[in-house]
Amino acid sequence: MTEDYNVHLEEFEGPLDLLLYLIKKDEVDIYDIPIEKITSQYLEYLELMKMLDLNVAGEFLVMASTLMYIKSMLLLPPEERPPEEDIDETDPRADLVRQLLEYKKFKELAEQLQKKERQREDIFTRVASVELKDEGSGDISDVGIFDLISAFSEVLNVAGEEDLREIFEDRFTVTDKLSHITEILKNKKSVKFLDLFDPGSHKGEIVVTFLALLELIRLKTIKAIQKKSFDNISIELVESI
Amino acid sequence: MSGENLKNVIEALLFSSSKPLGIPEIVKVLSVDKNGSRSEIKKAIENLNSEYNESGKSFFIENIAGGYRMITKPEYAEYIKILYQVQPSRLSKPSLETLAIVAYRQPIIKADIEAIRGVNVDGIVKTLLEKDFIKISGRKDVPGRPFLLATTNKFLEYFGLKDLNELPKISELRQFSIVK
Amino acid sequence: MSGENLKNVIEALLFSSSKPLGIPEIVKVLSVDKNGSRSEIKKAIENLNSEYNESGKSFFIENIAGGYRMITKPEYAEYIKILYQVQPSRLSKPSLETLAIVAYRQPIIKADIEAIRGVNVDGIVKTLLEKDFIKISGRKDVPGRPFLLATTNKFLEYFGLKDLNELPKISELRQFSIVK
């Protein structure tokens, strides 16, 4: 069912993005990460991603074991922890925090570059630039993959408590849903993410709808937008020529 | 060549080119006839810009990617966009992040980008190479002699940067004590 | 829209367009905001032209093929031609592919390049010879004694290679999927 539409998460985001996402979502201090809580949330997302057959990269699993290792280290009294080299703190979270901060720095630099990219869209050289665009008013950000997964887990909660790893029937195919979603969006300009899922529909259908959405986002046929972080997500057609 | 004539030739050159022109290129073109020194050329470009500004032209000359280019003022974008209803091709977040890492840490090997991003970047590096935003700038002198990656002039142009010094400073970001 | 503003928008449109713009196209763009009648637009273009003339600009607006276009004055053509000659042009994809074949298989005869690429490469080989990326390094000892082709020092320089041993291994290129 999902074979042809195996979404490569690499094209979206990685384990560090997920961790930063969870840290921001829970508004926890990056210098004092509640490892136990974050680890269990991380593992939940991993489960969801696996269930969606998102082709979870090995890096996500490596990070999971790193988190669990840190968790176990924190259970030991400080003097029994193996001595760390090069770090003047004995906190087992130190390396991870440093990696997160370093990555966060580049994420912010990337945002600065993105601002410059947008500014350039208002400038034309003598031979008209082909890279034109037409975008509505600002203050709307593109939605990250984890926002989508969060929204998706809400849908699943509504759908009931069946085993998430059940084998889905082949009644709904990603291809069907691809055209279904595109049809809806041709008629309406914008649709709320949650409205694309019928309440009470079969879980297989929900998963297929979600995969179709990811595929459409990857193909840049649609875009997911959010007015502010953790707000409701809406889906729009990317206007083509 | 008189100052007036020099200025006009430079204007004609800039006007007819969509790519930024470097001073050396302009010097070369002028040398066929008479010549203009680097400083004369720079002065002429400054004069052109003040003229455009005073007479309220819709365009000006920008200093970008090591060269000069005539572009429209941003305030006319809304009209020009109506004329060319084309989709923007924007870079994805992972691409922007990877570019940021290359830009600030260049020259850098792929493995070091991966260490920062925490994921494999084969696909993204390939796309960025194809789009000419980054280039292979040499090899690192370590076992395996991996390729070093660096940003290109196209990168500077795309983001509207004169040179790499114009990259947003890391200190302009919110302060973190990254180094203990 | 004031006359001044109308004129500026039209200037920006003409400046950024590579094709001649018809009055109806300009009317359409302006109609989004406020509007300009056909005669107002024509008047604005006339005004722009007198301004360019008075301030001795190197370009003007010509009425051609039922539309309007900004072009450089003929007297600057000689400089623009020189510019195109001195401007470093990027190698095309077919040129790069041919160059790659020569680089990895040198010395090689033209017929063997054609056998790999599946197309006639006369034009490309000629260009590469002119640009000094490849040279004739001898003749092959087969009937007809065809020329053998090899890369030059300029080739090494252009690609930032110390010597031919620095050429990326095919396996490394595959890593970035530069070759399929």
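Think of it as A, B and C in the order they're written, each chain with its own count starting at 1.
Keep in mind that, in the parts below, contacts are C-beta pairs under 8 Å (C-beta built on N, C-alpha and C of every residue); 3 or more make two chains touch, one makes a residue touch a chain.
All of these numbers come straight from a predicted model, not from anything done at the bench.
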item: Which of A-C and A-B has more C-beta pairs touching across its chains; value: A-B
item: By mean Cα position, the chain sitting nearest the middle; value: B
item: Intercentroid distance (Cα basis), subunit C paired with subunit B, Å; value: 18
item: Centre-to-centre distance between subunit C and subunit A (centres being mean Cα positions), rounded to whole Å; value: 40
item: Subunit A and subunit B: spacing of chain centres that average the CA atoms, whole Å; value: 31
item: Touching two or more other chains - residues of subunit C; value: 12, 15-17
item: Shared interface positions of subunit A, touching two or more other chains; value: 124-128
item: Touching residues (chain side subunit C, partner subunit B) in the complex; value: 4, 8-9, 11-13, 15-17, 21, 25, 28-30, 32-33, 51, 55-59, 70, 72-73, 76, 78-80, 82-83, 86-87, 160, 166, 168, 172, 175-178
item: Residue ranges of subunit A in contact with subunit C within the complex; value: 124-128
item: Contacting residues of subunit B [partner subunit A, same complex]; value: 15-18, 69-72, 74, 76-77, 80-81, 83-94, 96-97, 99-101, 103-104, 116-120, 123-124, 158-161, 167-168, 170, 172-174, 176, 178, 180
item: In the complex with subunit A, residue positions of subunit C that touch it; value: 12, 15-18
item: Subunit B-facing residues of subunit A, complex; value: 8, 10-16, 57, 59, 63, 88-89, 98-99, 101-114, 116-117, 119-128, 130-135, 142, 144, 238-241
